[in-house]
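To start, the structure under review is shown below, and the notes come after it.
Order of writing sets the labels: A, B, C and D. Residues in every chain begin at 1.
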Amino acid sequence: MGNDSRLTDWERRAEVPLGVASLLFLTSYAVRVLGHDLPEAVRDTALALTCASWALFLIDYGVRWRLSGLGPGFVSRRWLDTVVVLLPLLRPVQIVKVYDAVQRRHGHPRLSLHARVIVYAGLSVALLGFAGALAVYHQEYAAPHATIRTFGDSVWWTCATLATVGYGDVAPVTPAGRVIAVGLMGCGLALLGAVTGSFSAWLLQVFSREDGEGPPAS
Amino acid sequence: MGNDSRLTDWERRAEVPLGVASLLFLTSYAVRVLGHDLPEAVRDTALALTCASWALFLIDYGVRWRLSGLGPGFVSRRWLDTVVVLLPLLRPVQIVKVYDAVQRRHGHPRLSLHARVIVYAGLSVALLGFAGALAVYHQEYAAPHATIRTFGDSVWWTCATLATVGYGDVAPVTPAGRVIAVGLMGCGLALLGAVTGSFSAWLLQVFSREDGEGPPAS
Amino acid sequence: MGNDSRLTDWERRAEVPLGVASLLFLTSYAVRVLGHDLPEAVRDTALALTCASWALFLIDYGVRWRLSGLGPGFVSRRWLDTVVVLLPLLRPVQIVKVYDAVQRRHGHPRLSLHARVIVYAGLSVALLGFAGALAVYHQEYAAPHATIRTFGDSVWWTCATLATVGYGDVAPVTPAGRVIAVGLMGCGLALLGAVTGSFSAWLLQVFSREDGEGPPAS
Amino acid sequence: MGNDSRLTDWERRAEVPLGVASLLFLTSYAVRVLGHDLPEAVRDTALALTCASWALFLIDYGVRWRLSGLGPGFVSRRWLDTVVVLLPLLRPVQIVKVYDAVQRRHGHPRLSLHARVIVYAGLSVALLGFAGALAVYHQEYAAPHATIRTFGDSVWWTCATLATVGYGDVAPVTPAGRVIAVGLMGCGLALLGAVTGSFSAWLLQVFSREDGEGPPAS
């Protein structure tokens, strides 16, 4: 129990700093990728900030590993955390948890389940999409025969991918860009599942309510 | 209560005029966008009508804001209305509400929930699709290297987008056209969610009815 | 009641002949469209058979209108029949009903609801897809700048459309071809809804059965 | 009963050897398809191994047919097995069953139903996708005007197909490649159905649990 309470304690305390670090990571990565014309000093600072926030995630991961007392089993039991450390671009998605915690701390009632699913899915997809567009642009813009040449192209391509529309007027051509693209397709599938699933669950709730309203069960 | 009843009163009275204004807005916008060969006077009249109906929506929004007595909170509480005023092309979707009201006023029974979901989704998608096709055509037809050159191309592209098929034989190339396209993709995702969700909810209802029919629960 | 029973009687008797006429319609249309190299006499016979089976559908429609005693209301009450008469390519889908009737007549138990949904959706999509591929090929193969040049291209494009994948390597370019394509996209959306909805309904059934198995409700 | 118990006995014993043969089949097929530069002897060995494992599946099919005592009815009653024998690329999907059996033999509790659906769908799609990418590459890489020229292209195209995104920047051009592609599209539809259906079922379970938690039904 000592380990568990210390782990919970750590996670509660680390919540806000890690949330800030997530935004810092995304912002500095965006500056690094997009700021071709910025002075070299600014770009180097951005790179340093990106690395520093990644280091913070690594430290947090290590501390939680140790506090959990699980040993090597931690990697498989908390596999989502592991993925997030390896692919730090995914980190900002955890800001949704922070937002929810802040709302509750301020005494606001929790959102309804439908609203929460929509907010989670919407924010996650927006953050993942932005990070994915940055990463694909970083891989593609200088590649020979690339069709994704500006960040605008990359955002446009990301939207078409997340909606599973996929025009193909622009598409990644480098192996690294395509690997990121497959990840974004997975997000698109999950988004579709979330939208469709929520709608179907909401409809069923409304149906059962309407059925119940009719003749009272006396 | 005074505010509430006055607001409801206003909304009831404004329903039909605003519905007419919605159709006028869409029609005059279509004339303006599509009528390249019409005399200048007609095109200017169309523009004036578009602006006039937009002004009507703004006035209606202002009146409702005032009657609601919510102050600045109105913007976030009635965010759908706010979006509709900012993007007046979305306005015609509210005609679905008018249709439902007219049906009830004439003593017709309300449609079944399934039928209503299908009618709402179908009409909304048709209106949004038509408005989106107009707007994308307006942005694209004169752009260099554009592939959407006729209104027919634009409608074809809109259908492929709303069905999340996305051939990509024609696709918007201007930033403004692509922003509208992303909105249409969102509509496509929602349409897919509505179709799938309705089907799954209907199947589940049929299943539970068949299960109930079998052995009586005596 | 007299009208109703006579209508039911007619429908029962007309079932098999109309099912045969449906197949004849599809076959002769396929021969007409695909048989560029057949002697003119064969092609003319095919055209005549197509028209004859269409005439049969028209006669059946007229008889049912009259027997129903609904007058003009028949058009809106039986709108699916009306659509089928106007677009005779959709007719073969009704063969599913014939198959189901034959199964029951032979004393076979009806299929389970899941199986029926899958069989309906599968057969309908296969027939509609074949008819759609024929119609699109008919419109496209001789058009300038067409990418659908062989019937194989047309079938390939139809599959990609029905699965909402939409590569866009081949795509219709004529207005008539695109109108048919939009119909096929609608089928694709419905197919997706049927697959997803069945899966979700089946999962929910399995879940509720597993929940019930656990601790007995004693 | 004797037949049934002997069939079950055979299936239990053949489970692990057939699982190994599945992997061998996939591996040797991959070596054969991808190893253009390997010495001819290695490629011939790979081909021999592919044929040998296929022969094993045929033998297993024959034994099960005989033990089932069903006669020709076996083909339709166990149609999935028949499909697997005809299209041996589909065989590795049965490894999911082996994994589940191994887990239970080691005393591990069975996975929850959601986890099992996800594991089944994920593994099946990964195996089918890999096999499909191999088969399409085999058909396409030497075809004139082919856009799928490397195995990387083929994997990229497979991912875009399974997610129903379908960019169309690369697409099969040979008839055989397109037939395999249609099969992969079907997998993509089923995957979408599994993802969406699981999500919707999970949401409905959570909703009904939350509803039950509120006011006790006392």
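We adopt the following convention: a contact is a pair of C-beta atoms (placed from the backbone, for glycine too) under 8 Å apart; a residue touches a chain by one contact, two chains touch by 3 or more.
What you see is a predicted model, and the numbers here were worked out from it, not measured in a lab.
Between B-D and B-C, more C-beta contact pairs join the chains of B-C. Matching residue numbers shows that C-D is the pair in C-D, B-D or A-C whose interface repeats A-D, with more than half of the contact pairs in common.
Inter-chain centre distance (chain B to chain D, centres taken as mean C-alpha positions): 43 Å.
Averaged C-alpha coordinates give centres for chain B and chain C that are 30 Å from one another.
Multi-chain contact residues, meaning those touching two or more other chains, occur in chain D at positions 164-168, 192, 196-198, 200-201, 204. If each chain is drawn as a node and touching chains are joined, the picture has every node linked to every other. Those residues of chain B that touch chain A in the complex are listed here as 113, 117, 147, 161, 164-168, 171, 173, 175, 178, 181-182, 185-186, 188-190, 192-194, 196-198, 200-201, 204-205.
Residues of chain D touching chain A in their complex: 152, 156, 159-160, 163-169, 191-192, 195-204, 206-207, 210. Interface of chain B with chain D (complex): residues 164-168, 196-197, 200.
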